[in-house]
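Here it is: the structure, laid out below.
The letters A, B and C name the chains in turn, as written, and every chain counts its residues from 1.
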C-alpha cells in the first residue's frame, strides 16, 4: 500500500485504487440480489487515508461509497454509477477498551462478534447482535442502525454508540458526540446508510454480561398460537432479552445443520430468553411458561448449559443461510408490524406467497414485531423474479396497512427506496432530504439510496443500471 | 395524516408568522425568552394508548404527569421526571437523572410529528418499536430546542413499573468501586459529594443488591435541579459539527423564524 | 477481451448454486481475515468461479491469484449454513488450472517429488536445507538421523489376542517426525494393540499433491496403498494424511486418525496417564477440525494429563496448508503472523497460566509454526500423551 502519497500527488492513486474486473465485480455486490457498477476500490487503513480517498474522488468528480463486510441485505453497499468503493475492512483495530467506563474505541472494520469476544474476559459485550454478527462490521452496524435478537431489551445500535469520528463528504474529519454540537448529529448519522459520510472510528458502550440467563424453546401447533403467545408475553409486562419465532420449514432446515434439538413436529417455535438478576429471571421464566401453556404450547425445553444455549443461538443466527438447503436463492424481507397484528399479517404473508406460487419461511424478531418473511426461489426459472418482486411489494403493503413500517433493521438501501412513498408523505421525504443535504450538499456519498426518485428528493441522476439481476 | 383542527390552526399560524416562540409549560425557563412574534404551543391530550403494545401517542403539549396518570392503570410509566410537557422534554432532551447514564429518552421516542417553519407537517418514525425506515429525524428532534419545528405529537415507548424502586446513597470513597460491581443499576449519579444509586426490579433482587453494598443507606430521590438550561448545555458552537448544525438550520428554517433568541445564543441564526 | 467459456466445466452447478452470497463464511477464512478483501474470501472465490464458468468474467490474473491463494483449509465449509461443499468447487477448479498450465508449477512439482519420494539422506538433507531457505521449517530443526531400513520398532511377538493396527508412516512425517511414530506405537502398545507400520511399501498418501492440485500424481501414489480390510485398522497420526486417506478410501470406516482411536480408549488412558502440572495450548489443524470434524477429542485427551488452554479464533488456519507455504509464501506468512498474534495473546494474557507446550496434530503445522518465533515448545499431542504414560514415568519403566 502506498497510501502515504497525498492526493495532490497521487493523480491515479495507482496501486491504491484497484480497478481490475474481478475485484470490481465482487465489490459491486453485497448479500442482496443486486449488482452495482463501481469504478474502483481502495482499502484505506487510517482516517487520513479515508480522507485522502474521499478527496481524490471529489477531485475526480466521482461519487464514493463506504463498504464494510458487504452483508447488507437492502443493497446499501451496492455502488451506483461509477462510485469509488472505500472498503473499511482493513481498518480493524480495537483502539482502546476502558473496562471501568465500559466503553471502547474501535475502527469501523472491526467485526461485531470480535469485539464481544475480546471483552468477554472482562464480563462485557457489545449489545447489538445482528444474526450476521460474526461477519458484519461495526461501521456497517452504525450505518444501518442494526438490530438483533437481544435488541429487544438492549435497544438497537444507536443506543450503544457514544461518539463517532466521521469523514464528511467534504473531506473534513470531525467527532460527533454529546459535546460537539447542540443537535444530536451522532444520532442523526447512525442509520444514514453511508449517505452522510464515512465513520472512521466509533466509541461504543459495552454492557455487563447478565449473571443469569434462561433460554427456553417452545413449540406450538400453529403459527397463530405462537404469535398470540408473543403478544401475551409483552402484554404481561415481561420484556424478555430476546423473543424470536421460527416456523416449521425453517426450523427443519436449520436443525439439519446445527442439531440443536429444535421441536421438528411443531408448526412454529419460539426462543424466549430472559436474563438479569436471579429472581427476576426465575419469576420471568415461570410467567413465560404459564403464558405459553395457556396458548397451547406443545413442547417446552430450557437450555441446561451454556453449550446448549450457544447451539440454540447458532441455529437461530444461521437460519437465513440454511435456506439454500431448500432453494438456491432467497429474498429476505424486513418489515415491522404492531405485535398484536403479528398473527394476522403472518397469515396474509403466507397467502401472498401461495398466490405467487412461492415458498415462504419465517424466522424473525417476534418480540418487537419485526417480520422476516423469506421468499425462496430459483432465479434460473423463467419469470420467477417478477413473481418474487410482486410478492415482496405485497408483503410491504400488508405490513404498512397493519400500521407497520418498511424496515426494522436492514434499512432501505436500493431495495425499498421506491416504497418510501408508501410510508412517508412528500413533505416527510423532503425533510429527510434536507438532513442529507446538510451533511452532503452535493449528494456524492453513496448516491441513489434511501430517498425515492423524482420530485427533488433523490440524488439527481440516472437510475442505477441492473439493480436487479 | 391529520391531527384535527387544533393542529391545522397551528399550521396556519406558523405559515403566516415571521417569528415564532414555541412554548410548553415553561418548566425550564427557556421559553420565557420572548421575542416579538407569535407564541405557539402544542395541543395537549392523549391520542392513543395501547398498554399491550407498551406504547402511547400523545399531543406534545400533554404534561408528563398526565401521561403517567394515564399509564398508572396498566402499571406502566415513562421514565421521565414529572414536570413540564412531553414536547418540552423531547425538545430539551430532558431525561432527568437517567440522562447521563442511559440514553433513555432518544431511544424511547418512536415517532414525532412536527410543524415545520413553513407551516407544513412532517413526521418521522412510526408506531412500532423498531424502525430504520429512512433517516432518523427523531434523534435530531430530541434536543433541538424548537429550532427545527414545533413538535405536535410524540409516540413513546412505555415500560412496566418495576416491582421495587429504591434509592441508596453513600459518601464513602469505596462507593464507586462497589457500584461498578452492581449489575446494571437504573441510575448512578453524584451530587454534592454523595453517590446516589437507583436500584429497580424484583423485590428480592433489589434486597440482595442492597445487602451486597457496604456503607450505603436508603434514601429518597435526590432533589437535584438538573432540568436542562440552555446556558448549561455544554455543547460546542464551533468547528465542523457546528457548521453542519448551521446547514441543518438553514435547510429546516431558512427564514430564521423559530425560537430566534435560542438560535442566536447558539450561533444558529443563518 | 474475448471471454473463454470453457473454464471450470467440471465444477457442478448444484455446488455453486447453494451459495447465497450471505458472507457468513468470511471471518472463517484465513486469507480474508488477513486481507479484508473480497477477492480472497470463500464467497468471492465461489462467485469468481461461477462467473468465469458462466462466461460473465474472464479468467484474469486476479482470478487466478484469488484461487491460487486459497489454502484449502476448509475453514469456510463447516461455517457455511447453506452447506456449500466448498471442496467440491475449489478442488476441480485448482486441478483444472494446474493441468492447463503445467509449466507454471514446475518448481513446486519438483519440490514435492523430493519431499515425498527420495528416501536418501543426501537428498533429504538437501530438501531440508531448501525448506529452511524457504522458511518452511525452522533453522534450528535438527535433521533427524535416518536409517535406510525399515524403522526398528520394537514389536512384540504375534499375539492373536491382540488387536492389530497398521500405522501409516507416510513421507514427511516419517522423515522429520519419526519420534511421533515411536510415541504413537508406545501409546498403542500400552493400550494393548499390536502395531505394524506401512513404511516404504505404501509410501506417501498423495495428500500434498492433491492439495496442490496435482491430481494425476496424487492418483499414482494412492494406487500403491491397499484399501484396509474391514477387520483391520489403519491409523494415521498426521491430520492431513488421515483426511486424505479417508477420502481415498471413501466409505471405509477402518481409516482412523490417531486422535479418534485414542479417544475411544479415553477411560483406559485415564488409568494409564499421570497427571502433570504443565499447560498445553492446542492449535487445531484444519484437516482435523474442519475436514474431519475432530476437535473436542484432542482437548479431552490432553485434559487427562494437562491443563488445556485454547485459542479463540475458531480454528483459523496457520497458513501451512500442505505445500501452500511453499507456493504462496507471502500469503502463508501473513496468515501465520495472525496465528502467532493469537497465540501470543493467549500466552501473554494475564488470566491464563504459563503455557508450556503448543500441541498440533499435523506435521505441516508443526514445522511451519516452528519457523516462526514462538516462546513455547511445539509438539504433537501424541508425544505429550506418550510422555505422560505411567510406564514411562515410574522407575523401572520401559524407557
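Here are a few things to note about the model shown:
We adopt the following convention: a contact is a pair of C-beta atoms (placed from the backbone, for glycine too) under 8 Å apart; a residue touches a chain by one contact, two chains touch by 3 or more.
Because the structure is predicted, anything quoted here is derived from the model rather than measured.
Here the chain at the heart of the shown protein, by mean C-alpha position, is A. By number of C-beta pairs in contact, chains A-B lead all other pairings. Chain A and chain C have centres, each the mean of its CA atoms, that are 37 Å apart. Separating the centre of chain A from that of chain B, both taken as means of CA atoms, is a distance of 27 Å. Between chain B and chain C the centroid-to-centroid distance comes to 60 Å (mean Cα coordinates, whole Å). Touching chain B in their complex are the following residues of chain A: 100, 144-145, 147, 151, 155-156, 158-159, 168, 172-176, 178-188, 190-192, 195, 207-208, 210-211, 231, 234-235, 237-239, 276-280, 283, 336-340, 365, 368-370, 403-412, 416, 420, 423-425, 427-432, 434-439, 441, 450-451. Here chain C touches chain A in the complex through residues 17-27, 35-39, 44, 47-48, 51, 56-58, 60, 62-63, 66, 80-84, 312, 349, 351, going by the rule given at the top.
Residue ranges on chain A touching chain C, taken from their complex, read 20-23, 25-27, 29-31, 43, 69-71, 87, 89-90, 92, 109, 111, 113-114, 117, 121, 132, 134-136, 254, 257, 318-325, 328-330, 378. Residues of chain B touching chain A in their complex: 1, 50-54, 75-76, 93, 103, 106-107, 116, 120-124, 126-140, 142-145, 147-148, 159-160, 180, 183-184, 201-205, 208-209, 233-237, 239-242, 244-245, 247-248, 250-252, 266, 268.
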